[in-house]
Structures are given as C-alpha cells and as structure tokens.
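Each of the next two complexes has subunit A plus one more chain, namely subunit B in the first and subunit C in the second.
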Partner chain A sequence: MAGQSDPHVSLFSPAEIEFFAEDEMVDIVPNLRVEALNMICGDYGPFTPQIPAKVPLWLAVALKKRGKCAIRPPEWMSVERLTQVLEAERDSSREFQPLPFHYVEITKLLFHFAQDDIPDMYLVKSMVEDIRDVRFHKVELGLETFTNRTQAVKLKNLSAMEANIIRPFSVRALQAFYKHDIPDVASQTAATVNRPSMADRGPRRTLRPR
Partner chain B sequence: MLTYRRSLNCARSFGKFVVCSWKELVSVVFQVTANGVGLLDPGSETNSVEQGAKIDVTFWLAQELYLREAASINLPMHFNQKTRKEVQADPECVDLRSRCPYFYELGYKIAPMVADKELGTFISLTFNGRYKEILSKSHGAAFAAVPKFLPRLTKEETNLYEAARNSMIAFKEWRLGVSRLEGASVLGRKRKPIIEREEEGPMLKKLYNGENVPISIFTGELLQDPYAIS
Partner chain C sequence: MASGSEDTFWTQDPEVAASTDVELLKRAWRNEKASPEILRFEEPLVERVREQIELLEQTVEELRAEGKDELMISLYQMDLDRTLYLLRSYLRIRLQKIEKYTIHISKTDLWGRLSSQEQAFAQRCIIIMKEHLEQSVLGKLPDGYKDVLKQSLASEDDDMVPEPPLDTFVFCKSRGDLGPFQLDDSVYYMIVHRCKNDYRLVQKHMEDGSWALVMLLIP
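This part shows the complex of A and B:
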C-alpha cells in the first residue's frame, strides 16, 4: 500500500488499469486461417475463417491490428442496452447501474481499433460518454457527504477506471477527516467533568446509503 | 544547558506534513529560568532566559519544553478569535496559507497542550467547510484556469487538491492517447559504437533540479553522486 510519504498516492495509472482490462474475453470473427497460438497463459485457436471464437481482448486487438479478424462488440455495447442504462442512471440519483467492471477501457480500445466493427459507432461513443459523465457526477455527490463520522464508504457497481480516479483523493480526504477528529477526543479526556456536546453529534454512519 | 537532539528515525513514521510542521514557530512563556540558552531570546543580555520571558521557538522545542514543564505554550495568533469569526462567516475565503501553511497539523498537535478546549472543534469545522469547495474545484474544473482560491489553501489541502487533479489529468491524457510504448530514458539518441561515444564525452542525464550528471552508457546509472558535496 502506498505509504503516506509517497507523493503518488494513486496506485495505478490509467494505462495499468487498461492493461488489466485487456484480459476480458471478447468474440472475434477471423477472416484468415490462423494456426493455434500457444502462449504462457493458455492456448488459443486454431482460428478458421468466419467461425467466431472467444479470445482475450489483448489478443483480439493484436489480431485486428494485423488485419486478421473482425471484433464483435459485446452485447452490452449495443445502442438499445446503452440507452436503457443511461435512462436508469439518470433516474436513480444514488445508485449505479450494473455495467462491466472495465467498460471504460473496453469501449476505449474498441473505439480506437475496431471502429468499423461497431454499428452506429458515433452514437455508441456519445452514449458511453454520457453514461460516464452521469456516473461521475453521482460519485462527486457522494464524495461531498464525507464528514468526520464517515467510517466506510461503499460504492456499488463502480467501474475500475472511476474507482482509480477518485482513489487518491478519497483516501487522503478520509485520512484528513480521521486525523482532525482526534483533537475532540483529546479535549474530551482533559475535561472529564464538563463533557462537550459529543454525544449529540448524531448517529455514527458506518456505510454511505446506496 | 538544555540540549536537545531530534532523532531522525522517528521522522520515518510521520507523514511529510508532520515533519514540516515541527518547524513552525510558536510563542512560549518560560516557567523556569534556563541557563545557557540565551540564544533563544534576542533581548537577553546574559546567556540565559529569564522566568516569565515570552519568546518564539520552533514547535518541536516548544513541545519538549511543555512536556518537561519548563514552559507553557501560548495559542498562536492564527487560531485566535479573529480567525474563528472569519471562518464562521465564510470558510472558503479565508486565506489560511498566509497565516500558517500547516494550519491543521499545528492545530492538531497544539490542541492537547494549550488551555483551549475549542481548538479541536474549530479545526474540524474549518476543514469541513473547505472540503466541499476543494472537492468541487479539483475534479471537474478546467485545467487552464487556476482557481483563485488555490493560494489560500494550506499545504495539506493543496495536497488533497493536487491528488485529485493529477489523477484526473492522467485519466484525460489516457483517454486521448493510445500508444503505451515509451522509449527507455537511457536511450537518449541513436546508438553509436562505444568508442565514438566515449570520445564525445560522457552521456549526461538531466536531473530534476536542472543539473547534468554523467551516467553509464551500459546501465544508465549515475556515475557521480548528485548529493555529494563537492
């Protein structure tokens, strides 16, 4: 865990998160015959033209760059599904809709390398951007509710990249809040007779309401 | 003679703000006469500090004096009523950095030592009030426009702000760029035969403080200690 003296509290750079995301499986449709690939992590193939296959994203992008396959976008990346998700995100002000954990990275890679394989690419792109904006706005609203009494924060259905963005800030903010809570305890122990109004601070909130 | 040496080992367990805040000056009132430390009191004729003298010392010394009951600590003027009123009026506009860059750290440490029970609550309230502002400005604001309130933040708040800004900037850069491959920093230029390279002089690496230090062309490590006092 990054120590307090580490100026770079963010543990992962966005490129590293993208690296993790590339392990997700996607469907490809090869257009050339490719023999079996024996890799350290496993064997893939052999690939026959027009027969769909499931490969990790890094392999799909590599084959696509060499012009050997076409990547089939995942089901959740269709316009209908994304519209539903966007509507649901806008309707609920505190909850996040279930989305694949690495949806930001996967969409970014596919938009860059497989533009011709995605139907209505510009529409899909703008919808993903909107979804990202709405979700991040909700994250910020939630971050505003930090107080001295925040002990734990639970964010359901948050994606990897979003978590990575707020990780350094929220960790440091919670540390700061925790540290500045201590003087009240010190002043409380010093004045045993005259207890300050600590009891009516409000109930301790252990989890942020989802 | 009151001698005091700080062990640097304990600095390792502290955050960087804790270490820096030790150097802040606080005013203390000596309860005893101290001989041999007249250096601390600019107005003393003899080499000693009289009882009841009010002088400014660094915070680490003040804490030790307090623990040995040799001095009592006065509340620094940053935490007085005037500041409190300003914070109550509008926490975000109070310029804490010009008052005390380590406002929170110092307050947090002084609270148990000073006869003021409200200090801890005051610190918490100040931080709570300014936190929302930091949050909203740090994540979403335009990068070119440096917000006006940035010079008003203490070091700890700036730290928080920078963390959010940097991660946001890194994310935006990643979104626009694609290639993850970077050239190794050792390979500064095209490879040439070693003999030619040696004739040109040692390969230099520019340090972050602007100095040029020769590096080995094989391993890239520094051939000269940049911290050695020459």
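This part shows the complex of A and C:
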C-alpha cells in the first residue's frame, strides 16, 4: 500500500479519445434510401438519395465503409482555411489557433475512410501534419517553462489529442515540482514580503497583455 | 477575446448541448477518469441508460426476427455497442477507484457516493483484502504491528490507509467565459478552453455547484 499515484487509471488511450471524437457531427450525402433511425444517442434520417444529412462521424464512417454515402469534409478542412491556420500558427510563437477540438481525430478518420471525398487530399493531409507539428513544438516549448512556482497553466485552444498526449507527463512534472518544493515555498513566501509581486506570479503561457 | 462568430465556427462545442443521456454519461465518465477521488454515483442517469439499452436490444431482436434490412440492424447494433461501452467504462473506472481506496472510502462520507451494489462490492473487497494481508504478512509480524489500518500500536491515526491525492494537478476545460477566477491568491482569467490547476480548487467549485455549469474536467 505504498500510495504511489497510479497513473494508468486516469489515462485515456488514443482510441478512447477517438471514441469521443466519433460523436462529432458531419455532413453526408447518402446514395440510398434509409428509414429514420431512432437510436439511443439521437434520431437520424430518414435518408434520401442525394439529399445531404447530418450524422455523427461514427455513423458516417459506417455508411461510407459500406459504400452507402459520400462524406462532405467540414468547411475548416479546405486548403484555404488550413493555409490561414498554418500561417497563423507559424507567426505566433506562444498562442494556438482555434481549431475544432477533435481536429486530429476527425482528419485522421476522414483521410482513412473518405479519401475520395476530399478535394486535394494530399495537400490537405500534409497541411494538417504541418499544423500538428508546429502546434506540438509550441507545446514542447511551453513544457520547458514549468517551474516550481507554476500553479496553473492556461492553454487556450489546445485540442483533445494534444492535451491527452501531454497530460500524464505534465501532471506528474507539476506534481514532482510541488512535492519537492514545499519547504522552499514556505521560506519564499516569507522572503517575498519585500520583493515586488512580480516574483510570485510564476511563468505562465499565452497570457495576453490587456 | 476572439469574436463570438469566429469561435463558434471553429469549435463545435458539444459540451454546450449536453442534453442527451449519452452526452451526460460521457461527461460523467470523463469527470470520473480525471478526478482523483470518487464522485457521486449518477443513479438516475445510469437507470435511464440501462432502460434505453434494454429497449434497443429488444428492438434489434425484433428487427432480426422480421428479417429486416441488414444495414439498419448493424447500425442499431453499433449504437447499442457504443452505449454499452460507455456505460461499462463508467462503471469500470469507478470500480477501479473503489478497489484502490476501499478502506478510505468506507471510513469517510465518500461511502455515500457509491451505489448499493458498489457498496456491497466494497465490503467484500475489504474482507478479502484484510484476510489476505493477515494471512500472508501481518500474522507473521511481531505483536503491535499486526493491524491492517495502523502501522503500529504507536500510531494514532489509521496511517496505513492510502488516500486519493487531492493536491494533484488536473486539466480542466471551461465551457465559456468564466470571468475572473480565484486561484489561490491570484486572479486568473479563464476564457474558454483549458487550464490546469490544483484539484482542490476545482473540487471547491464542484461542491458549490458552480462547477457543473461551467467547467469540465478533461482527460
């Protein structure tokens, strides 16, 4: 009964994150007639050929796999939009651009199952990869700014998969800082009475000056 | 901050419309996964989901018997499987936590957060664990050190009981503007999306109820 924290209980696997992402809605264009579906997770259909409909991603993929529909890639998955995002990501070294929370999982599933439905697929795919790289590099840089005085870290616009990747490491890093630092904090708070309040704030990420 | 329309284009935020039982169950599972201590058992929610699952199972049976369209049956089956998986994961993470902190839960008011079946499970866990420890180790230790709960007779408290670490860091995601947010002695602005902070502060918000409406623990 050592009481060591057991990380694996609280971790989501990437597959589980994908499970969450599969509930996101996408547009499909069915090529057959299907009666209305009254499911536990919601009511969908009825589907008429060539009439677009909104369904959860898992349903869209299931239909696509059986050749029963075409999936319309979401608006943000166009070359124009992604170019804007990529440039903005490269320009700002400390901020993340707004992206759908599950963009990693959604793009992965669509590239895998709906290649023919995505115009300029290879270009889009390489842009998404670049975006992921740039963002993750920022994450890594940010992780280096953790110190013993980091009490909270604000990560605006981080996506689900990115958060899941760094969560185990960053939680344990912060915990280790906290655990090994308590006596220091006590002596510091006494000493900082005379120092300006700047010292207490600790480093933080993506704080915009107001 | 970014204008509302820009944000809503990018972030199809499902948390805002957490109205279906599936969404609620998903949220319960996430919160359970992300928080170090066990949370209140969502009895009515689990009951409703169970009923819906049973109903759908019956429906699928009937459709199969009627020889209906294979496609529809397989789609319903997928929905069923997904919901079952969600429910099982929720129950499973709770059982894992109960196993980890059985004695602690039984001695505090966390006991009230368990369902009656979980309580029965926890009781049996304690009995089995005590027996095992006594037979394998404690019975062979010198007198004064044989207790499961205390290190030695000299201990005042039950110091052999592991407790969930409430000062661990957690990830949270806010569902909208929270405005200034008191965090220790500093004031932070948490606007949309994520921050990581000490679970105890989050717990405070959970308790006073402002939690359920604005913040969401994120895995």
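Simple rule for what comes next: the second predicted complex is superposed on the first by the 176 of 210 C-alpha atoms of A that agree within 3 Å, B and C clash if a C-alpha of one lies under 4 Å from a C-alpha of the other, contacts with A are read in each partner's own complex, and residues count from 1 in each chain.
Quick note on the criterion: contacts are C-beta pairs under 8 Å (C-beta built on N, C-alpha and C of every residue); 3 or more make two chains touch, one makes a residue touch a chain.
Computed from a predicted model, the values in this text were never measured in an experiment.
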{"item": "Dominant toucher of subunit A (residue count), subunit B or subunit C", "value": "C"}
{"item": "Which superposed partner A:P168 touches (first subunit B, second subunit C, both, neither)", "value": "first"}
{"item": "Partner chain(s) touched by A:A62 [first = subunit B, second = subunit C, both, neither]", "value": "second"}
{"item": "Which superposed partner A:L143 touches (first subunit B, second subunit C, both, neither)", "value": "first"}
{"item": "First, second, both or neither for A:A88, with subunit B first and subunit C second", "value": "neither"}
{"item": "First (subunit B), second (subunit C), both or neither touched by A:C41", "value": "second"}
{"item": "Partner chain(s) touched by A:V29 [first = subunit B, second = subunit C, both, neither]", "value": "neither"}
{"item": "Footprint overlap on subunit A, comparing subunit B with subunit C", "value": "5, 9-10, 19, 164, 167"}
{"item": "Subunit A to subunit C touching residues, read off their complex", "value": "1-3, 5-6, 9-12, 16-17, 19-20, 22-25, 34-35, 37, 39-42, 58-59, 62-63, 66, 68, 75-76, 98-101, 151-158, 160, 163-164, 167, 170-171, 174-175, 178, 200-201"}
{"item": "Complex contact set, residues of subunit A against subunit B", "value": "4-5, 8-10, 13-15, 18-19, 108, 112, 136, 140, 143-144, 146-148, 161, 164-169, 172-173, 176-177, 179-184, 186-187, 190-191, 196"}
{"item": "Subunit C residues within the subunit A interface of the complex", "value": "2, 6-7, 9-14, 20-22, 26, 33-34, 36, 49, 52-53, 56, 71-72, 74-76, 78-80, 82-83, 85, 89, 93, 96-97, 100, 160-163, 165, 167-171, 183-184, 186, 188, 190-198, 218-219"}
{"item": "Subunit A contact footprint on subunit B (complex, rising order)", "value": "15-16, 104, 107-108, 111-112, 117-121, 123-124, 127-128, 131-132, 135-136, 138-140, 156, 159-160, 163-164, 166-168, 170-171, 173-175, 178, 180"}
